[in-house]
Structures are given as C-alpha cells and as structure tokens.
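Each of the next two complexes has chain A plus one other chain: chain B in the first, chain C in the second.
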Partner chain A sequence: MEKKELLVEAKNIVTTFPFDKGTRTKAVDGVSFELRRGEIVGLVGESGSGKSVTSMSILQLILPPGKVSGEVHVEGIEGNALDYGPESEQARAIRGGKIGMIFQEPMTSLNPILTVGYQISENIMTHLKVDKAEAKRQAIAMMEKVGIANPEIRYNQYPLEFSGGMRQRIMIAMVLAAKPEVLIADEATTALDVTTQAQILELIQRLTKEEDVSVIIVTHNLGLVARYADRIYVMYGGNIVESGDKYTLFENPSHPYTRGLLAAVPRLDDPKDRKLVPIEGMPPNPAEMPTYCKFYARCPFREDRCKEKLCDLRAEPEKDHYVRCYLTREEIEAKHRAMGEQSQAAAAKQISDEVCLEVDHLRMSFPLYRGMMKRKIGEVHAVQDVSFYVRTGETLGIVGESGCGKSTLAKCIMRALTPAEGKILYKGTDIAHMKEHDLKPIRSKITMIFQDPFSSLDPRQTAESIVGEPLKINHLVHSKAEYDARIDELFSLVGLNPAYRTRVPREFSGGQRQRLGIARALASNPDVIICDEPVSALDVSVQAQVINLLEDLQAKLHVTYLFIAHDLSVVKHISDRVMVMYLGRVMETAKAETLYENPLHPYTKALLSAVPISDPKVEAGRERIKLLGEVPSVLERPKGCPFCERCQYATDRCRAEVPTLRDHGDGQAVACFLYE
Partner chain B sequence: MSVQTLAPEEKSRQQIMREQRQRDIRRFFHTMFSRRIVIIGAVGTAFFLLIALFAPLIAPYDPNAVDILNKFAPMSAEHLLGTDIYGRDLFSRLVYGTRVSILTGVIATLMAAIIGCLLGMVASFYGGTVDKLLIAACDTFMAIPGTALAMALLSLLGGGMLNMAVILCITTIPGMLRMMRASSLSVMSTDYILAAKLSGENKLKIMIKHVLPNSISPIIVMATQSVGTSIMMESGLSFLGIGIKIPTASWGSIINEARPYLMTSPLYVLAPCICLALLIISLNLLGDGIRDAMDPSLRGA
Partner chain C sequence: MAKYMFKRLGQTLIIIVIVSVLTFLLVSLMPKDPVYALYGTDITQEEYDVAFKQLNLDKPIPVRYLAWAGDVLHGDFGTSYRYHDDVLAVIGEKLGVTMYLCFASTIISFPIGILLGVITAVKRGKWQDSVLTMFANIISSIPSFVIAIVMLWIFCIKLGWLPSSGFTFPWDDFGEHIREIIMPLFCLSIGGIASVCRQTRSSMLEAIRQDYVRTARSKGLKEGFIIYKHVLRNGLVPIITMIGQRLAMMMGMTVFVENVFAIPGIGSLMVESVNNVDMPVLQACVMLSALIISLAYLFTDFLYVVVDPRISLS
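Up next, the complex of A and B:
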C-alpha cells in the first residue's frame, strides 16, 4: 500500500503540569505520531497513560498552568502549529475546522439550553462562512447522514430530548458539519451501551469513507481498536511504548506491556478454563514518574539496563512496527519460557447440585407520578417476571444493557427493595417479603460487592472498621483477639497487607479499594455474593487481578456468585451460566460456552456480535449483526416481545404476544417464538 | 498484588493512628493557609478573641464609669481614643464591646448549628410528613426578612445579651437545617450507606456512625461564616437601640450614640465601625480558608 498524504504529524510532544512546589510532572513525555489521509488510528492506554492529554495537546486545549512543547504539523498550516499559540487565528482554524473532536460525555458536550439544530448550524457558519439558510440546509443533511430520523423536526429539539446514543450522533454531526479532515474520538463510546457503541463506531467508520476524514480513536478498549483501527499506538506513562499495524501488533506484540495487556483482558472467544494473567502492581504515580522505562516496576522481564535510560523507539522486523524496549522479542520469549508455564487452568471449583438461591416470577415496578397533586399515572416495570436459580458454588452471570433491570433485580435479592410480586428462595426460605427483623440473619449470608470502589466505602472509616463492621453487627466474633485475627485473615485473603488496616479509603488505589469491598462482603461468611459490576470501574490491567481474586476465592470458599455486568467478555469469562436480560425480562439462559458458540435469541446474537474481540484476525472473520434503533425506554415498552421493534425476524405475533422462556436442552432456555 | 513493602510491625496500632491523625491535621492547616490572605483573617480573628478574653486587663477604665465633666475629650495619653457623650472612656467601651459582639455571635451560631444539625438529621431520617413539616417551617422563617423577624422577636422577648443570642440563633437555624438535610440526604444515597444497611446495621446507628460524620463539614463551614453575620446583625439591632440594653457597651450602640456627632468628633463613630469591619472581614477570610480546607474535592491522595 503506498503511503497516503500526511495530515497530522506530531513530533516529540511534551506536556507538563505543575506539581507540588515548583516541580512539574510530565503527563505526555515525548510523543510522536502521524496520521495519514483516510486512516483510522487507535491511541490505546489505561487511565493516566497520557492518551487524552496527547490529543488535547495537539488541539492546544491544554489550559495554563499546563505547558505543551514539541512540534505539530497540520496539513495546510505552515510551520509548527504550536508556535501560533492557543488563541491564534490558526489554532482556531485547526480546532473544529481542520480537526474535530468528540468527547466521552454526550450529556455535557452539548449546550442544554440551545436546540441541536442551532448548535450544528452555528458551527457550520463559523467554519464554512455560509449564511444561515445554507447552514440549516447543511445541518439537516448532516443529521440525516448520521442516522437521525426526521431531521427537519428534530432540528428544533433540545439535547434533553435525545438519548445518549442519539446525542453522540448529534455531536458527530456537529463536528463533521464543519468538514474537518481529522476526527478525534476521545473515549467517545465508553459511556454507551455495547450495541449503541457498535452502531456509533460503525457510523464513524462509514463516514470516514464517505466524507474522506481520518480518525484518531482514543480508548482503553483493546477490542475496539482491533475491530475499527488500522494502525495502533500503545501508550503507557506518557510514552508511546509500541506502534504498528493492527495485524502486526496483535500477532507479534513486542513490548512487555502490550503482551501483558493482551494476556490480562478476557476475550469472548476464550476457552472456558483460561486463567487471566494480570499485570502486577499499579500504573506509576505521576508524582514519582521514573526517568527510565515507566513500565519497569511492573515488568516481569526487567533487567538492570532498563533502569539506566529510557529506551528509544526502535524498529522491529515488520514494516512500520516500533517498540520502546531494550529486549528483543526473542529475548522476551526465552525469558517467558524460562519462567515456566504458570498454571494456565483456573483453579478447580465444585458446583453442587443443591440450589442455593432461586428466584420465581419476580416482578418489581416503580410508581410514576405526575402533576401538582402527584397523581399516580402508571408504573415502570423494571423487572418483569424473572425466574432463575443458582446452585451452590456456581457463578451465574447476568448481562444486559442499561435499563434492562439487572441492578433492580440485584437490589430485590439483597432486599434493598421489596419486590412487588414473586418469590426469592434462599435455601428454600422465601425472603421476598420478609420483615426487616427476620431478615437480619439472612443479610449476613447474602452480601454484595459494589461497582464503584470510591462511593461504596465510607471515606471516614478505617479499612479495619469497614471490614470489621459486619463481624460486629452479626456478633460473629467474641473477643478483641478473635476480631483482630479475623481481620488479618480477611485482609490476607483478598491480598491486602494487614498492616494497612488503619488506613482510610483514600489512601488505597482503585483496585485495592475493590479488594476492601470484597473483604467486607466476605466477612460474614456468606453463601451468596452479588457482584454488581465489580470490575467495570477499574483499569484493564487491574481488572484481571480482581477477576482472578474472585475466581480463587470461589474455589477456596465455595461461595456462589451472581455476577452482574454489561461487559459480555468478562461475564463469559467468569460465569458458569449466563442469563441475558432485556427490558426487565430474561431473553436467554445458557451455559457460558453454549451462549457464545450457539446463541439462539436474536438479541443475544446481536449483543455478542457487538462486543469486539481483541484480535483483528478473528474480528475480520466475524459476522456482524446490525441492530435497528436503540434500547427503548422502559416507559415505552412494546406490547409483545420487548425486543420486537429492533428484531429483524419479528412477526405480528411477536408484536402482540410475549414469548415465555422455553427449555431448549442442555441447560439452554430461550424466550423467542422462533424456537417453538 | 501490588508492590509494597511491609510497614514495620513494631509500631503499635495506637501510634500509627496517632501519626495518621497528625498527618491529617497538618494537611488541613496546610491547605487552609495555602492562601496568604487566610493568615491575615486568622490573625485578625485571634486578635479580637484575645481582646475579648482579656478585656478587664486591657481596658484602662470601667466602660460604664461616667465622667460628665470630661465629655468629648480628644485623643490623649489618658484616654487613648478620647471619651464619649457621658465622658466614658471610648477605648474601654470598644474593648468590652468586643466581648459582647463575639459572645453573642459565637453562642448564637453554636446553638443554631447544633439545633439545625439535629433537626436536619431528623428531617432526612424520617422523611415524609416530618420532613415536609420541617421544611415548610424553614421556608416560612426564611420568607420573613431576618432583621424584621429579629426585631419582632426582640420586642416580644425584650433585649439583653442572652435574648439577643437566642433570637439570632432562631434566624440562623433554617439555613443550617436545610444545609444539613441536603448534605445528609446526599450522603444517604451513597453505596456505603446501602452497604451498611445490607449488612444489617440499624438505621439510627447508620445515621450516627456514617451519615453524621460525612455530612457535617458544610455545617462547620457555614457556622464559621455565620458568626460574622450574627455579629453584624447584633450590631445592627443595637444600632437601632433594640438590642443590647444600655449601658452595656456594644459596637452597635456606640455607633448609634455617636451618630449625631459624626461631624464634630468623627473618631467616635469611626472607631467602632472600623472594629466591626475588621472583625467581619477577618472572620469571613478565615471561613473561606476553612471552606477550602474542608472541601472534599480538594482533598485526597
């Protein structure tokens, strides 16, 4: 492939921020990259890797006291764009004009008090210097292009009237309307549901061709770049550690960090017993950023020479493949072999036949009030007729997009909410409508791990009293010595140093806080632990640590997990069986492998196909199912099958009747008329 | 697991806890005084506090000793700031006036903070009708201008320092209550409160152990700032002649007495005015510093 024209070239960008008394910390430390016409480039890294700061530095969006140095060459602008200063004519022509940017939060990047049409056409008028009528015409054309139905009507609507995915489409329309040559998507789809994410990225990919723009995708998601990018830059600690064509990079990762990431991320096509290999430790603290290799402290292959000086990017044998590591791939391979094959299989766990928790026709609804008198005008059915069971020692994964009722279901089982109808049987006892007083002994047997490791721990309590609270409440220890011993045991169980017991939550990292949360959940010797998105707030390299911990604990303590998450790869990795929910109903349940190999429900198929796999080769061969529309609001639930409006197989019967969950053999059950 | 070294185990747990607390306190003062101007506020406040505390030692004369022959005496070594309309030593009166101002301000605010906190917690704890009633009562009080309310209550209860403090307290409570209610409601919606509930802890204990300590900081900030407001109000009411009973020295009443003589002896009016302004500015600066130091968004590793 001949090289296309260079659009953006960054050379040796260094972005620093002041830090404590005169010292400055480098958020971006000498990043160089290039973008050619028609290309989609991925900038991948964990939080703190400097990927967002890099893209903001190019656009000169870094506010003082932050400082940017280096060179940025943009096609059509003479000389170094950074020399012109952030408020110059040239810089403004680049921002929005030459290079457009879409951010993560579609909620905050649109002005809520102006109509979307006004915002789009204003942008057109600024950059293309056309009159109002022409701008409006172009804006409507653009809205149509990004897949917004009835653009003439929606032109006059406010951002509030659009869903998250639609707002992101509006953002894209707004940015592309100014006819930029480069589009930067900074975690643009992270806040969206998987199926919406796929829709948006496919849209971006299509527009790249139609409008002839080049794209920089900034993300932490390896699968995403494997699917959509052409070339990838991997960042760590403000450096680019590896770059190359996506096929080269995924096939022959050369940097220990890239290798580590690929081993740490669960994949949808993993064999059942694959054990994740986490990257030990935490990303470096910006305050103590080493001057040598940033990955040194976590690198399993480190040598003394790594500590002398930061390695330069050097070329690998493949074309355009560069890596920042002294060790060659052969050396790393040899070292890897010498370290011995670590036990790759997950620890064996036992699943007994005894049903530990059973949910029977559970319904939960919230009343909806309107008007001055707070008249009840209806009900929102968050959970509709859900039944399932979990056996002791088993992990049941519950997946679904936002609004599918998975969290409400968890709250009902935890009895933070009282379900409207149905039974929740814990070891044969119905706890669905039990009084708070009778619930107390059961509360210690069903515990919960929360999503957000920041808001789920009392900031003023010490680690010890957080973990020890359930012990005291349930009178599980009888003396101070016993209490201390149990605390130490719990801390070591979750891999925390017992000496940290006097620290408060803010002195722990995200991963460590989640470990604290797990220790708290384990304190009262529970039988069932409900994990509500336990790893979704963590960085990918830390995710694997927590997933492995949960797996080990299950093998050791024989607990049952209800694992709720939106990330299908993680759910598939950890679960024995998976239940797919949509708008408050169960669509399909199956063993984890069966679900991946032989999904039955059209929704399951679409959901699976929307999840990218971090291997471009596998990605290239996958069938992609396009979904119509977005997840409807629970208020506008279709009369029949909840999925009927988006399903390509939907018949009149689907629109009128609700299919029930039918057994399909081998533990698989599906709620769809196609399989009757 | 992360790469960390074991802390030396020889240190006793109490010792670790103590060091931790000292570190926290140091960090608190560090952020608080990171702006130079806050130091000025703290020094100013401390200055007036010392004057109030040691008033009998500092004041050269009895503030109420009348010497009618020596009225409107100019500044001199004997009378630092001269004398007033009845020949009382102005400096001594100002010194004792500091006492009145600070005492009423602090007492009123303390009472208001305690009562406001309690009622705010009650409102958020019970919710429903109790909450609605309390909020309605708050709104009613807040709808009446503070000064008008205080004047009405004063004429009902009569003047005097204690009554004054009670009345200022009443006008401050609604704000405190609303603040506490909002702050504890937001704490109650966090996951750690849910976690505590789910582990079977009873509701009252949750309120005391988790909600109160996590929602009190805005109240503390509000209290430091409302001391100044109360002092201002006290002076205002005394100026109107319905506050502190004469002959007790109060800055407000001194200003009131001196008002007709603004042209002939300007110091008589200016001195208490300057004192009042300096104290209020100092308190507000200090309050800003405390607010910055307590702002959780500025805290953390």
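Up next, the complex of A and C:
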C-alpha cells in the first residue's frame, strides 16, 4: 500500500514548563509523529502522559511561561511552523484553518455570552474570508450536518440552551465549518454519557470521511482507539513508548507499559473470573521525571541497562511498529513466564442465600419551584418504582447514564434522603421511613465510598481521623489502644502504610486517597457498602488496583456491594448481577455474564454496543446499535416506556403504557413489551 | 427579559418603601426638638404646644409616617425648618450639582479604570502591571477626604493654581467650571479608578483562563480580538455590578468632598441639615439619594441582562 500524503509531521517536540526556581519540567519530551491524509490516529495515555500538551504544542496553544521546541511541518506551510511564533499569520492560519481542535469540556469550551451561531461564523469568517451573510449560511448548513434540528432558530441561541452532547456537536460544526484538513479531538467525548459518546464519535467518523479530514484522537480510553483509530501512539511520561497499526499494537503489545495497560483494563468480553493485573505504583511526578525510561520504577521487567539512558524508538518486526524499550518481545515473554502466572482467578467469594438489602417499589421525587413566591409547579420523579434485592456477599452493579436516578437511589438507601414511597428492607427491617433516632445503629452498617477522592475528603483532616471518625461516632472502640490497633488494621487492610496516619489528603495520590475512602467506609464493620463511581476519577492503571482491592475485601470480609457506575466494563467486571436503569426506572436486571451475552432490553443492547472494547478484532465484528436522540431531561419523561422515544422497536403501546419488570428466567428480568 | 425587569422593578419599589420607613424612623429619633429647631428656643409654652400639634408631633410615629409618606407621594416633602421654604426648592439645584459630580465621576472612572485594568491583565507579571497594581492598591487604601486636603494644600495654598471652593455649571462658565471641578472630581474618581482597575484585572485574568478562550485561540483568532470579544465581555460582567455600588459609595463620598471644597450640593446640605435638625430636608435628601441609588442598581441589572444572556435565560 502506497503511503498517503503527509499532512502533519511533528519532530522531536519538547514542551517545558517552569518548575520551582530556575528548573523546568518537561511535559513533552521529544515526541515525533506523523499524520497522513485520511488517517485516524490515536494518541493514548493517562493523565500527565503529555498527550494533550503534545496536541496543544502543535497548534502553539501553549502559553508562556510554557515553551515549545522542535519541528512541526504542516502541509501547505513553508518550513517549521514553530519558527513563525504563536501570533504569526501562518500559525493562525494553521489554528482553526488547517487544524481544528475539539476540547474535552463541552460545558465550558464555548463562550457562554456569545450565540453559538456567532461562534461558528467567527471561525468561517476568519479562515474562509467570506462575508457575514455567507458565513451564516454556511454555519447553518454545518449545524444541520452535525444533526441539530431547526438550525436557523438555534443559530441565535446561547450555549446554555444546549445539552452537553449538543454542545459538542456545535463544537464539531464550528471546527469543520472552516474546512480544516486535520481535526484533533482532545478527550472530546470523555465528559459525555456512553451512548452520547458513541453518537458523537460516529458523527466525527462519518463527517471527517465525507469532508476528507484526517483525525487525531487524544484519549485515555483504549477501547475508543481500538474502535475508531487506524494507527496508535502510546504515550507515557512525555515520551511515545510505542506506536503502530492498531491491530499490531493490540495483538503484539511490545512495551511493558502497553502490555500492563491492556492487562489492567477490564473489558466487556472478559471471562467472569478474570483478575485484573494492576500496574504497581503511580505515574511519575513531573518534579522527579527521570532522564531514563519513565516507566522504569513501575516496570516488572526492568533491568540495569534501562536506567542508563532513555532507549530510542526501535522497529519491531511488524510493519511500522516501533517501541521504546531495550527488551525484545521475546525477552519480556520469557521474563513474564519466569515470574509465574500472575493473572490467577479472582479470590473466591461466598454469596449466601440471605437477602441483605431489599428495595421494594421505591419512589423518590423532588418538587420543582418557580417564581418569586417559589410556587410548586411540578415534581421531578428521580426514582420511579424501583425494586431489587442484594444477597449478603454479593455485588449488585447499577448502571445508567446521567439522570437515570442511580445517585438518588443511593442517597435514599443511605437515608440521606427520605423516599416518597416504598420500602427499603435492611435484613428484614424497613428503614425507608425510620426515625433518625432508630436509624442510628443501622447507619454504621450501610456506608458509602464516593466518586471523587479529591473533594470527598476534608483537606485539613489527617488520614487517621478520616478513618477513625466512624469508630468514635459509633462508639466502636473503648480505649486509645483499641482505637490505634483498629486504625492500623484498617490501613493495612486497604494497603496503606499505617505510618502515613498523620498525613493529610493532599499528601496522598488519587489511588491512595480512594483507599482512605474505602478504609473510612470499612471502619464501622458495615454489611453493605454503596460504591458510587469509586474508580471513575482514577487513571486506568490505578483503577485496577482499587478494583482488585474491593474484590479482595469482599472475599475477606463478606461485605455486600452496591456498585454504581456508568462504565459498563468496570461494572460487569466486578458485579455478580447488574441492574440497568434509565430515567428513574429499572429496564433490566441479569447476571453479569448473561447481560453481556444475552441482553434483552433494547436500551441494554444499545448501551452495550456503545461501549468500545479494547480489542480492534472484536470491535470489527461487533454490531453497532444506533440510538435516536439523546437522554431526555427527567422533566420531559415520555408517558409510556421511558425509552420509547429512542427505541427503534417502539410501538403505540410503548408510548402509552409503562412496561413492568417481568421475570425471564435464570435471574433475568426485563421491562419491555417485546418479551411478554 | 421583560418579566425579569418587571420583577426587579417590583423589588426596587419594596426597597424604596423600606428605606422610607427607616429614614423616617431614624430622623424622628434624633435627640433634638424640632419645635425649637423651627421656631427657636424663645417661645412660650402655648406657642410651643400649638407648633407641636401643627407638626403632628403628638401623633404616634406610624400615623406621622403615613401622613408624611402620603405627602411625599404627591411630591410634597414639607417645609424646611431652617429656610422656611418648600423642601424641594431648597434641594433643587443642590441635587443637580451632586448628581453632576457623581455622574461625571462615574463616566470618568469606569472607562479609565477598565482601560488600566485591561492593561494590567494583558501585561500581567510585566512592569506595567506591577506599577499600576501598586498605585491602585495604595490609592484604594487612602480615604478620599485625605486626598482632598492634600490637594487643597498643594494646588490651592502652595501653588495657588486652583480655587479652593465653589461650583459653577459648565454651561454658565466653562473655564471656571473646569478650574473648580478638577480637584473634587479627582478626589471622587481616583478611588473608583483604582478599584475598577483592580476588579477588571482580576475578572479579566479569571476570564482569560477559561476554556472558551482556549477554544477562541484554537480558531486562530488574533490575540487582540480574543481579548476584546471573548475575554473583555465576560470580564466586564462583574464590573457592571460595580456601577451601582460606586454610585452609592459616591453619594456617601460627596458628603466629605462637598464639605471640603465647599460645593453647594446635597452632601453639604445633609451635613447642614443634621446640624440644624432640619428634618424634612434631611428626610428628603436621604429619600432622593436612596431613589437615585436604587435606580442605578436597576440600571445595572438591566445592563447585566444585556451583557450576559445567562441571567434572563435561567
């Protein structure tokens, strides 16, 4: 196959930021890559890997005191683009004109006080040198292309009148309207719901093909590049550690980091008992970035020569496959075998027949007020008629997109909210409307692990008092010696050094903080722990550590988990049974494997198909289910089945009646008229 | 938009009513006898009793308030105890002088303050920023009457360049007007310029860090255009709130400045009325000031809606 025309070529990009007095830290350390016409290239790495800084460096979006050096060659621009300076005519022609960029946060990336129409037109007028009327005409045409209904009216609207997914469509329209040749999508869909994410990426894929635009996808999500990219660059600590065709890379990962990443990430098609192999340690601190291999400290295969000097990228036997590691694949394989089979099955856990927690026809709604007198104008039904049970020692996964009511449900069970109707039976006792006084002994038995390990810990509290607070409040210890012993025990249990007990949260890394959160949840010997998105704020390599910890703890302590998350792969990995929620209702419950192998509800099917699997071969053979529209607001709930407006099988009956959850055998139940 | 403004108008009316109650109460509680203030202390008991009744002082405070408020609604603020003349006639031109000073100062201080603020923000960390920010900080911490006295000493007493007192409207004698107004206007505005500059700097720096500015840069727009279109307009939103606040503060500052420079405005009238227990004049001054300030806040909120669509939409 002959090589296509080179559009962007970056050579030896080094981006530094000042750090401490006089010293500079390299966020990007000699990155070179190329993009050819018609290609979709993935730039993959965790936070701090330098992937975003690389893409911003190419566009000269790095502001002083940051400095970029190296060479950037862009098709149609004479010489090294970096030589012209960020404010030059040439650099501005590249930015937006030749290369358009879409950013992560659709909520903040558009100017809130300018109409979306203006923001699109502005880009057209700058680069295509057309007048206002013509720019408006092109902008409206582009808005139509990205799937915005009534573009003439919406042209004059402000960003806050659009949902997150719609704003990202506006961003795409804005960028493509100037007819660029390259599109950089920097974590463009990370903040969106799974189904919206799939829709947006399909849109990017389709439009860029139509308009002959090449794409650079910058992401931490291996599944995304497996599904959408042609070629992949893997970054770590500011270096490209491996690059190649996606099939080669996923089939024969050569760098220990790439291998580690693939072993650490749960996949939808995993066997049930797969144990994740976490990458030990943490990504390197920018302050102490080594001059040799950045992965050295975490690499299970490290040798002394790795410490001498940073290895150059060298070619692997496959075409266009490069890796930055002294060890050959064979050497790594041999070492791996010598180290013994690491990926043994997950620790056996016992699930008893006793039902630990049962929720029966739970409803929760919030009043809506409007006007100066705060008149009640209606109710938001956040949770509608939800029933389920969990057995002792079991993990029930609860998945759903934003607005599905999963967090409200958790708050009701925690009794942070008092549900409007229904029962919450904890070991047979209804706690749904129990008085605070009677609730006290039960509070210590149902605890919670929160999503954000940064904001959910008091920054001024020491680690010891964070973990010890539940002990004191619930009078679980009677002497200082007992207290100290219990703190030590809890620290060891979650894999934290008890010597760190006097530290404050900011002295811990994200993963360690989440361990603190787990220790706090465990302190009062709970029977049920509600895990609300416990790993979604963590880097993929650290995620596996926390997931494994949660699994080990369950086997050891026989606790019951309610695992709430939007990441279906993680939920499927850790759960015994999964409950799928949509707009406050349960759509389907099933055993984790059944749900993946034989999903029944059209929404479950769509949700599963939206989640990319980090294996391009599997991806190529998967059926994609296209969904209509976006998750509606809870205020605009359809009268019948909540999913009817987006479902391709919807009938008149679906639009008029709400289907109830019906048993489908083997623990699977589904709320859909198709299965009556 | 119309609904929002209607709502704000309603709130403004409520505020005016509350202010009127408070003003009336405060002035009524002043420890000086209005009868003696009006007729002097050389009156007989009979004359005193008649006057006491005439002024409605025998009635309970709520009744007196309602009577006064009813008159005010008809534009009748009563008779000045001191000038024995209609209150509005006494206030008349003085209010014009003060309003002229306040508006002139607002018109001067906002553009200059914003301009300096933009310079400090754009040149952040450079010498321009350091010098301007230092001056702004120093000036913000000096009370305006201190500046007034120092200026008087330098320009009037030592150099003799400017007159120490008086006020002439520009349409009467423009040259004289300029000579007289330079110092008072400077004292009234310099603090405003400094605080508008500091506020502009911080809100510009806040806006410059936003993701949408990065988006604007990624579109290849010129830096100056980005500052103007994407940063400044967002940065101005908090500045607009300051217009109302500054006007309110300036109404207070005129009390000092007018006294120092002997300008016949509301500020000096108020001080004089306090000294003479001229209750009707004092009440009228406070009420009118409150009305002007409320209208300024209303205007501010109106500007707010124009600049930031989020307010009328949410």
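Operating definition for what follows: the second predicted complex is superposed on the first by the 675 of 676 C-alpha atoms of A that agree within 3 Å, B and C clash if a C-alpha of one lies under 4 Å from a C-alpha of the other, contacts with A are read in each partner's own complex, and residues count from 1 in each chain.
By our rule, a residue touches a chain if its C-beta (ideal position, glycine included) is under 8 Å from a C-beta of that chain, and two chains touch if they have at least 3 such contacts.
Every value quoted in this text rests on a predicted model; they were computed, and no experiment measured them.
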Which of chain B and chain C A:E122 touches, first, second, both or neither: second
Partner chain(s) touched by A:L61 [first = chain B, second = chain C, both, neither]: second
Touched partner set for A:L160, first chain B, second chain C, both or neither: second
First, second, both or neither for A:I94, with chain B first and chain C second: second
Partner chain(s) touched by A:D458 [first = chain B, second = chain C, both, neither]: first
Touched partner set for A:G42, first chain B, second chain C, both or neither: neither
Which of chain B and chain C A:P612 touches, first, second, both or neither: neither
Between chain B and chain C, more extensive residue contact with chain A: B
Contacts of A:G640 with chain B and chain C, given as first, second, both or neither: neither
Chain C-contacting residues of chain A that also contact chain B: none
Interface residues, chain A side, partner chain C - complex: 59, 61, 87, 91-97, 100-101, 103, 105, 108-114, 122-123, 126-127, 158, 160-161, 171, 174, 178, 372
Touching residues on chain A, where the partner in the complex is chain B: 280-282, 297-298, 414-416, 439-440, 443-444, 447-448, 450-452, 455-461, 469-470, 473-474, 495, 497, 499-504, 506-507, 509, 511-512, 520, 524, 545
Residue ranges of chain C touching chain A (in the complex, touch as defined): 7, 10, 210-212, 214-223, 229-230, 233-234, 237, 307-310, 313-314
Touch list for chain B against partner chain A, complex: 1-4, 6-7, 9, 13, 16-17, 20, 190-192, 194-201, 210, 213-214, 296, 299-301
